[in-house]
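Each of the next two complexes has subunit A plus one more chain, namely subunit B in the first and subunit C in the second.
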Partner chain A sequence: MKFKKISKVMLAAASMLLLASCGNQQAKDDKAKMPTSYQTALKAAKGTTVTYYGFGGSETQNRWIDKVVTPMMKKKGITVKRVPMPIEDILNKLSNEKEANTKKGHMDVVWINGENFYNAKKLNLLAGPITGKQLPNMKAYISASDPDAKKDMDTAIDNLEVPYGNAQLVMVGSKKMFNNDYPTSAKQLLAWAKKNPGKLTYVAPPDFTGSAFIRNIIYETVGYQALNDAPATKAGIYKVIKPALAYLNELKPYLWQQGKNYPKSTAQMDKMFADHKIAMTFSYNQMYAATNKADGTFTNDAQTFVFDKGTVGNYNYLAIPKTSQNKAAAVVLINTMLSEKAQTDRLALKYGAVIPPYSSAKMPAKMSQKLDQIGEKNDIPMKTIAKKRVPEVSGKKIPIIEALWKEHVLNAD
Partner chain B sequence: MKKQISTSGLGLIGCLFGLPAVVILLLAIGRHWYVPYLLPQRWDWLAIFKFWQQDSTLWPAVKASLSLGLGTVGLTLLIAYPMAIALVKYQTALKGILNVLIYAPLIIPGIALTTSLDLTFIQLHLTGTWLGVVVVQTLFCLPYAIKLLVDNLAIYQVDYEAVAQNLGASRWQSFWQITLPLSRDGLIGAVTMTLIVAMSQYLTTLLIGDGNYLTLAINMFPLIQGGRYQAAACYGVVFMATLLIPLGLFEWVLKRKVRRLAHHEL
Partner chain C sequence: MQTKRTFGLLIAPFVVFTSVFFLIAVGKTVSLSFGYDPLLGHHQITWRYYQAIFANKTFIRTLLRTFSVTFLSSLLASLIGLRLAFLIKRSQSWGARFLSRIANVPLVLPHIFMVLVFIWCFDQTGLLVRLIHLLGWHQFQLPVLIGDPYQVGILLTYLWKETPYVLLTLLLVVRQLEDDYFLAAKNLGANRWQRLWYVEWPLVQPAFFNALIIVFSFSFGAYEVPALLGSQKYELLPVMIYDLYQQSDLTLRPLIMSFNVVISVIAIGFAGLLLGLSWWLPGGRRRQRT
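Here is the complex of A and B:
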C-alpha cells in the first residue's frame, strides 16, 4: 500500500514537471535551431546564456573574451560563459555526444582550426551553414573569395566555421646573441648553429607551433608548392620532404643537448629563450615579442624577424557544434567577436595584439592605422610580415609530417 | 615511547615539502626572474590580490572547487567508512577480491575510464550536473579513503567495540563513543586525501562537468600548459589556501569533539 501511495505522488510530481517544461519548449526550440538571419538570432537569444569553449592557456585571449566580448554581449542581454577546454577534449566530448545519440550538448561556440576542423567535419559534428546572412560583420569585413574564408588548411570550409583571428609564424631572436644579424633563411640558421653549437632548439611536434616550424623548414628546402602537390600518403610525402629531413639531421648535433632532447612545449622554449639558454624562439602570434616584453617575460633584447622566403600563416576559426542548445546566441557571439570594436580592442598588447581576419580590401581605415602603429612596437612593420606569408598545407598531411620527423629525425640514431 | 625527531631531519622534511610551495609563492609575487639570478629582480607584493581583482573567474572557481570537493568528501565517507568497518570487522571469502577491487579505479588508465564514463553519463543525463561530477570524483577518491580507514581501524581490530557492547552499550553508543573517536586519525587522513584528490581532478571535472563547473584546477591547468606561470602560481596560492583552510577547520572540530567525548567518559 505504502509503495503505491509513493508512486502515485511521484507520478503526479513528474507530470507537473513535464507540464511546466512544455511551456518553455517553444522558446527552447527557437534558440536551438540555426537562425536564418541576425535579427531573428538576436531576438531569440535575448536573456540567455551562451558558452564559449576553447584553449584556455592564453591569458591575453581569456582577458579579451572576459573584458571586451562579454560586456559587449551583456549589452545585448546575453551572458557569456567561457570554458577553457583543450581542443582534443572538445572533439572527444562532441564525438561522445554523437555516439550517445544525444542532441543536447553544452557547447555553443568552439575555437577550432586545421586538422581538428578536418576531423570535426569528417565526423559531421558541426552545424551550418553559417554565412554573411547571419553574420553582418562577416559580410562587411571578410570577402567570400578570401582563400582563408574558403579553405582551412586545404579543407573546404563549406560554411561550417568563421575566421576570427589571423596567425603567422614569426621568429623571435636575441639581439645580443645574434649580434643584431638574424638568420633569415634555413641556410643562415644552420651556419649560425655550426658556429654556436647548443644555442638553438625547437619545440617538438606534435606541439602545433613546433609542427609549423618544421613545415617552414620544408618550405625553405623544397618549397611550399612541392609539399602541397605531394599526395597525402606517407611514401608520397617522404619522397618530397627528404631534403628537409636531411637538413634537420644536419642541424641536429648543433642543437641544444645535441638534439637528443627537445622542449615539449612553447612555454618551455620561451623560458629557455628568456633565460638566454637559446638564441631564438618562435610563435604563431605576430606580436608575440611585443606582448611578452610588455608583461616583463622578455627583455628589450627580443627582436622579431621572419624568413626571407616567408613563414606559414593560418587563421583561427569559430564553429557551432550540432548539439548546441543555443545556436541563436552562438551566432550573436560570433558576430560580436568579429565586430570592428572587439577586433580593434584586441589589437592592444594586453589582449595579445591578434591581427584581425579582415580582408585587406575591406579593412576599415582606422584599423589599418592602428596596425601600422602596433607594428612600430614590434620592430618590424606588420605589412612586411604579411607580405612574407605563405599558406598552410592540408591538415591531413600534418600528422604524416610529424610522424616522419619522429621516425627520421628524432629517432634517427 | 615516542622518539623525538632530530632538528636536521625536521629541517630536511620541511625543505622537501616547503620549497615547492615557496617557489610557487615566489612565482606569484616575483617579476623579472631570469636564470643567473637566484631570486626575482622585482617584487609585486600585492600580485595575488591584484590577480583576484582582475580575474573575475577566480572566486567562482573557489566556490566550484569547494562545493564539488565537499560533496565528494561527503559521498566518499558515506561509502568508504561503512566499507572499511565491514572489511575490518567481518571475515568473508570475498574479502580478498574486495581488497583488490577497491583499487580498480586507479588501476584502469584514468583517461580510458573517464571517456567511457562520459559516454554512459551522457546517456544517463548526468553530465553537466553536480551529482554527476561528485559521483565520478568519488570513484577516484574511494581507494585512498578506504585504504586509510582500514589501516587505521585494523590497529584496534574493533575489539574495543565488542568490549563496550559486552558491558551493555548499544550498537549506536559503541560506534559513537568508541569506534568514531578511535578512527579519528583515519578519518582525518581520508578526508584530507579525498579533498586533495577531488580538488586536483582536471579531466573528470572538465568532461563530466561539461564546463558547468569551472574549478581552480580547470582554470589553472591551461595556464601552466600555456606557460603563464605567474597567473598559474596565483591560482596555486589560492588553491593551497582553499584546500588548507577547510582541512584545518575539520581537524580542529574533530579533535575538539574527541577531547570532549574523552572528558565526558571520565
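Here is the complex of A and C:
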C-alpha cells in the first residue's frame, strides 16, 4: 500500500512540473536563443541559473570562479553553478546528446581548447557567432586580429569560442641543484643530465603538460616551422621529428629510473621536485613557481626559466554548446569572466595568477603594472617570458606525436 | 507461486530499467566497433577495425601480458583463499576467528584505497623504507614495486584485495561441509590426497571456480590499479584503451569499441572455459547427472 502512496505523490509532482514548464515556455525560448546584444542578454538572463562546465582539477581556478566570478554574477541577478568535469567527458556528453537528437542540454558555458575545440567544431556542437557585439569586454580588450583570437591550435575559431586565459610552458628549476645555471636549451639540458644522472624526468604523455614538454623538445631540435609544415599523418610527422626522438632516446638513460618509468601526473612530478629527487619540473602556468612558493609547496629554491628558443604558449577558451538552454546568461558569464575586475583579481597568487588574454595594445595601464609586480615574485619579468613564446601546432598532430613518443622512446628497447 | 509472481512484478521495473540501458550500451558498442557511426556520417559496416586490432603486435603483446597478470593474480588469490578457508574451518583458535573477521575489511575498502596504502608503504621513499632507515639500516633499498616491469605491485595489490573475497565466499561453503564424509573416507583407508581429491575438492570446486571467474573478470577489465601501479612501458589493456579514449579523437572511437568487444569476448569466453572445466571435474554437474 505504501507503493500506491508513493506513486500518487510522484504523479502529483510530475503534473506540477508539467504545469510549471508550460507557464515558463515563453521566457525559456527567449533565453535559449543566442542574444544579439549584451543588453538583451542581461535582461533575459536576470533571475536565472547558468552552468559552467570545465576541468575541476585546478584548485586556484575553482576558487577564482567561486570567489570572484560567482559573486559578480550574483550582483547581476544570475546564479552560477560550477560543474567540474574533464573536457573529454564534456565532449562525449555533447556528442551523445547530438546523436540522441536532444535539443536541450544542461551545459551553458564550457572551458575548451585545442584538439577538443577542433572536434567540437567538426561535429557542429558549438553555438555562435559570439563576437564583440555580445561581449563588450572582448571588444574593449582583445583585438580581433590577434593570432590567438583567430586560430586555436591552427583551427580557425570562426567566432565559436572566446579566449579567457593565457598559458605558456615554463620550467621551474632548483637553484641549488642547477647551481644557479639553468639549462636554457635542449642541448644544455642533455649535457647537465649526463653529468647528473637520475635527476631529471618528465611527466609521460598523454598528460597534457608532458605532451607540451615533448613538443617543446621538438621545437628545440627541428624548429616549430618544420613541425607546423609537416602533414598530419604518422609517417609525415615521424620523418620530421626523428631527430627529436633521437634526442629523447639519448637523454633517456640519464633520466630518473633510467627512463624506464615516468611520473604519471604533474602532481607526482611536482612532489618529486619538492622532495629534491629531481631538479626540474614544468607547468603551463607562467606563475607556477610563485603560486607554489606562496602556499608553501615549493621553497625559495624554485626558480622559473624558459628555453632561449622559446616555449609553447596557448590560450584557454570558453564556448557555448548549441544545446544550452540559457545562452543569454552564458554570454553574461563569459563577459564577466573577461572583465577587467575579474581578470585583475585573477592575477592574485591564490587565484593562480593567470595572465589575461588581453591584447598587449589594449591592456589597461593598471593591469600592466600589476603584471610587472607579480613578475617580481616570480623572479622573472612577465615580459621576458612573453617574448619567448612559440605557437602551438595543430591539435590533430598532438595525438600522433604522443603515439610516436610511445613507440619510439618509451618502448624503444 | 503467488509469492514468486509478486516478487517478479516487484523487481520488474529494476530489471527492465537496467537491461534496457545495458543492452543499449552493448548494442552501441558493437555497432560502433563495426564502424557504424551516424555522428560522423559513417553508415557502412566493416571488419576493418577488428582486422586492425589483430594485425597490431602491441595489442597482442599487451593482451597476453594483461591476461597473464590477471590470471596469475586471480588464481593465486583463489588458491590462497581456499587454503585459508580450510585452515580457519579446522582451527577453533581465537586467532582463526579473528582472521575471518578481519578478512571483511579489505572487502569493503575500494581498490583505489588499497592502491594508495600500497604506494604509501612500498614506494621507494615510502613508510617501510623510512622505518627501516629510522631503525639504523641506511643501506636498505626496496626493490622497485611501483611501475616495475614484472607488475609485482599490481599482483600484490590484487592478492591483498581478492584473497579475502575468495576466503569469505569459500568459507561459507567449507563450513557447510559435513565432517562425516571426511571421516568415512578416512575410515575406509583413503590417504590425504585421495581425501582431498575425491571428497573435499568435488564439494568445494563449483564455488571455487565461481570465485575465480568473478575475480578474474573483474581484474581483467579494471583500470585503476594498473593505471596507478603499472609501468607505462609495460601497460595493461584497460589503461591502453582508456588512454586512447581520452585522446578525444572521434575517428578512433570504432577502434576503441572493437577493443572493448574483444576484451569482453575474451573475458566471457574464458569464464565459459572455466565453467566447463568445473562441470567436467569431479563434483561438477556432469558427474551429478550420471
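Operating definition for what follows: the second predicted complex is superposed on the first by the 393 of 413 C-alpha atoms of A that agree within 3 Å, B and C clash if a C-alpha of one lies under 4 Å from a C-alpha of the other, contacts with A are read in each partner's own complex, and residues count from 1 in each chain.
The criterion applied here is as follows: a contact is a pair of C-beta atoms (placed from the backbone, for glycine too) under 8 Å apart; a residue touches a chain by one contact, two chains touch by 3 or more.
Everything numeric here is computed off the predicted structure, so don't read it as measured data.
Touch criterion met: A:Asp275 reaches subunit B and subunit C at once. When the two complexes are overlaid on their common chain A, residue A:Asp66 makes contact with subunit B while staying clear of subunit C. Judged by the touch definition given at the top, the superposed model places A:Ala32 against neither subunit B nor subunit C. When the two structures are aligned on the shared chain, A:Pro399 is found in touch with subunit C, with no touch to subunit B. In the superposed pair of complexes, A:Glu99 makes contact with subunit B and with subunit C alike. Judged by the number of subunit A residues each one touches, B leads among subunit B and subunit C. In the overlay built on the shared chain, the residue A:Asn116 is in contact with subunit C alone; subunit B does not reach it. When the two structures are aligned on the shared chain, A:Ala204 is found in touch with subunit C, with no touch to subunit B. Residue contacts after overlaying the shared chain place A:Leu91 against subunit C, while subunit B stays out of touching range.
Of the two partner chains placed by the overlay, only subunit B lies in contact with A:Ala267; subunit C stays clear of it. Judged by the document's definition of touching, subunit A residues 99, 275, 277 lie at the interface with subunit B and also at the interface with subunit C. Interface of subunit C with subunit A (complex): residues 38-40, 58, 125, 144, 147, 149, 227-228, 231-233, 243, 245-250. Those residues of subunit B lying in contact with subunit A across their complex are 31-32, 34-35, 42, 56-57, 115, 118-119, 122-123, 127-128, 203, 206-207, 210-212, 214, 218-219, 221-229, 231.
Residues of subunit A touching subunit C in their complex: 87-88, 91, 95, 98-99, 115-116, 119, 122-123, 204, 206, 257, 260-262, 264, 275, 277, 399, 402, 410-411.
The part of subunit A that touches subunit B in the complex is made up of residues 51, 53, 55-59, 62, 66, 81-86, 89, 92-93, 96-97, 99-100, 102, 105-107, 265-268, 270-271, 274-277, 296.
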